[in-house]
Amino acid sequence: MNSIQLTHQGRLRHFLGIEGLSRNILLEILDTAAELSDQVQQAGKLNLLNGKTIANLFFEPSTRTRTTFELAAKRLSADVLNVNISTSSTTKGETLIDMLQNLEAMYCDLFVIRHHESGAPHFMARHISPHVSIINAGDGRHEHPTQAMLDMYTIRQYKPDFTQLTVAIVGDILHSRVARSQIHALTILGVPEIRVVAPKTLMPLGVESFGVKVFHQLEAGLRGVDVVMMLRLQRERMQTALLPSEHEYFQSYGLTETVLEVTHPTAIVMHPGPINRGVEIDSVVADGPRSVILQQVSNGIAIRMAVMAMTLGKYH
Amino acid sequence: MNSIQLTHQGRLRHFLGIEGLSRNILLEILDTAAELSDQVQQAGKLNLLNGKTIANLFFEPSTRTRTTFELAAKRLSADVLNVNISTSSTTKGETLIDMLQNLEAMYCDLFVIRHHESGAPHFMARHISPHVSIINAGDGRHEHPTQAMLDMYTIRQYKPDFTQLTVAIVGDILHSRVARSQIHALTILGVPEIRVVAPKTLMPLGVESFGVKVFHQLEAGLRGVDVVMMLRLQRERMQTALLPSEHEYFQSYGLTETVLEVTHPTAIVMHPGPINRGVEIDSVVADGPRSVILQQVSNGIAIRMAVMAMTLGKYH
Amino acid sequence: MNSIQLTHQGRLRHFLGIEGLSRNILLEILDTAAELSDQVQQAGKLNLLNGKTIANLFFEPSTRTRTTFELAAKRLSADVLNVNISTSSTTKGETLIDMLQNLEAMYCDLFVIRHHESGAPHFMARHISPHVSIINAGDGRHEHPTQAMLDMYTIRQYKPDFTQLTVAIVGDILHSRVARSQIHALTILGVPEIRVVAPKTLMPLGVESFGVKVFHQLEAGLRGVDVVMMLRLQRERMQTALLPSEHEYFQSYGLTETVLEVTHPTAIVMHPGPINRGVEIDSVVADGPRSVILQQVSNGIAIRMAVMAMTLGKYH
């Protein structure tokens, strides 16, 4: 994995997943994000990626993630191409590789890819020209590395020393690529206690092998934690036998002010959004003083600027 | 109303509606539009809004209005984000306020909003951060203030003294947010005689309270006027009991060269577009020497540049 | 035709079709493309069309061609407007001319048009203001001139002297606007032998009048040629009585390594894309050393930059 993500000199070439990356690379991403964020705040816009073309290839719809990538690219003066996949040439029977090679031939420098199949960005990275980079914007149930990095960035703003933290990830661990990337990132950054909290039907078998502590009861899982990372509940799951009703789920796993009292007094509450108010989180908590949810959104721009600049070799 | 649209210093902060604004503010918009238009004509593009991000949120489809906002923004070097609402997060159950707060967190500086519900832009303006501005691009049956201002701009190009004019607004007054904004703007700018011309089924009850003269017969309504402002007939209305057929409507209220003869010899003909040829206006009139319809389209860019620059505090 | 495409000084004003243009104009397009391509390679981006607005009007879907026009425009710093026709005002009953006039009034400088009806770009060119230009991105079965010019550009990279070449065009000649434009361009540039190869059902009656040699057998048509130009097979045709099955077509007219042996040893293989692997061309050939298919895609950017700059009077 590392061999494909890094250059021979150890620089970030693609950003496909957190798994296998070093602590130094993760810290470099966080530091680059902070520096670019400061510079953009002062200058409005930077010329760093002027003349570069970034193509957004979203095989799954996602306004929010696509938009932050687009805004991050524009802040650095790159040109952005949003390829609407459903109306594009794949409907004419073109293969994925043909499509990529064509966009490459049009001098696209970087592809941001979201795909419903796990491993699609890695597959593409193995078939792409040496001068082109790929960023994974979420693949199947596998990874969503920029989400995890913006979460780490947000945590560091409030709790600078990762090696002192207890962090709980709550919700649909089983289906969540966000959770997978978060667990990898927290582990690599040295968080000593990572907890996962979910009903049995939403907990992957053998999750303990990731070095996490498993909880099936919310209050027990949140006791004393410094960071609560909520996951979004895919309402589609409700249709299946995996979950009872939204109401029942909220009774057991919804984050309320009462439950929050068991956490550390300075604990922060995170959520990748969009939130389902009254399903996985109470509005009072989502809009309350502990919530850093909108800060996460802002930090998403910073992190995406950083990984774009780094993979394109335009920073450090 | 004014308190929300203006800063404490009386500067334009949001542009939500014409109602309640002062004559000075309207004249400042017209003058700013003229100045920016001249500057863009010479320079091709201005750097005024470089580093600013403008998000188009259109909850009703409108290629024309959205496009002129987009072009106006680009002429001033802003970045433009077109948020496709139907495919966006609102379909995932996100509330409108959540969506706005997220876009705010992504450092959007200005929202251009079209919404099918009257008052939606005001609602948003009350819930938005101090550093973000909102422009109403049409809300329900309420207001469409940039359309009214581009109409005023166009009138002033041909008839510089508003206090000498007789103006007729013709068509579906009942459902028209354009008519409401036009009546407010004409009144504030001192037009002594404003007429509304429509069949009874398309005339709002109590419209006289706006200080307008009511006509149900086209020729009587147009006699001696300096400006004819046609409204677009929503063909959907034809399905209801409100109107007979397109043919019958044209017989009674369609603007033809013959009817036009009763107006002042230098009268101009306006229409917000897109026109229904042969329904509310004859092609000979729409394409004739009195028509300033395409001039209105061009002026739409100037007005939108002006209100964007003013609400963002980048002019005067 | 020439009178509408050229200014009184003989400069390119619109680019509607190859037919009727002079050898000098075609060479000027190729040379301009080469020069702009070099300059962009060095500078990343040029300021040539800064302040110009280019509107893409695609009445037929085409991600690939639209994208290369968009990227070409951005490389020259123009603003690009993608008008989504299906959701635009034409659905409100607006005529094509109304739509054009409105976009003109919004200060669009250049329209790139793809339309399912032959002659649509010419029709528009006759109804447009003197300061606005039109580029044909494919109209019905008529012409696709930028495709033909990028093909000529590619041929020249490998075979610099057009007057020494034998070129074969293979596939659905009957329905292909690409083939029509290619035949015109090759003829004007002095290619002494142009062959068309197709089953009788896909060969237009009287095609010999274009000065081409007709072949119904693939091997005979390819014997000794320097350039093989494959056409895309529209799979829709398969439904009709014109063709047997994809499999049978490939047996008779599919380009394989074996068939390719009859060509000149340095022959190149071209295809406008997207390719139907295993229908008109074998993957081994499409991805093989003779294929210049991806080079054609890259050259499409160069050619489109050239015709944009030339029609807008910003080059030479």
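Read from first to last, the chains carry the letters A, B and C; within each, the first residue is number 1.
Keep this in mind: a residue touches a chain if its C-beta (ideal position, glycine included) is under 8 Å from a C-beta of that chain, and two chains touch if they have at least 3 such contacts.
If you're wondering where the values come from, they're calculated on a predicted model, not measured in any experiment.
**Q** Given that chain A and chain C are copies and touch, would you call their interface same or different according to whether over half of its residue numbers are shared?
**A** Both copies, chain A as well as chain C, present different residues to each other, with under half of the numbers appearing on both sides.
**Q** In steps of 5 degrees, what rotation angle do you get fitting chain B onto chain C on the CA atoms?
**A** Angle of rotation between the two copies: 120 degrees.
**Q** In angstrom, rounded to a whole number, how far apart do the mean CA points of chain A and chain C lie?
**A** Distance between chain centres: 42 Å.
**Q** Hey, what residues on chain B touch two or more of the other chains?
**A** none
**Q** Looking at the complex, which residues from chain A come into contact with chain B?
**A** Interface residues on chain A, with respect to chain B: 43-45, 61, 63-64, 67-68, 70-71, 74, 235, 273-277, 294-295, 297-298, 300-301.
**Q** Any idea which chain C residues touch chain B in the complex?
**A** 50-53, 79, 81, 83-84, 87-89, 92-95, 98, 101-107
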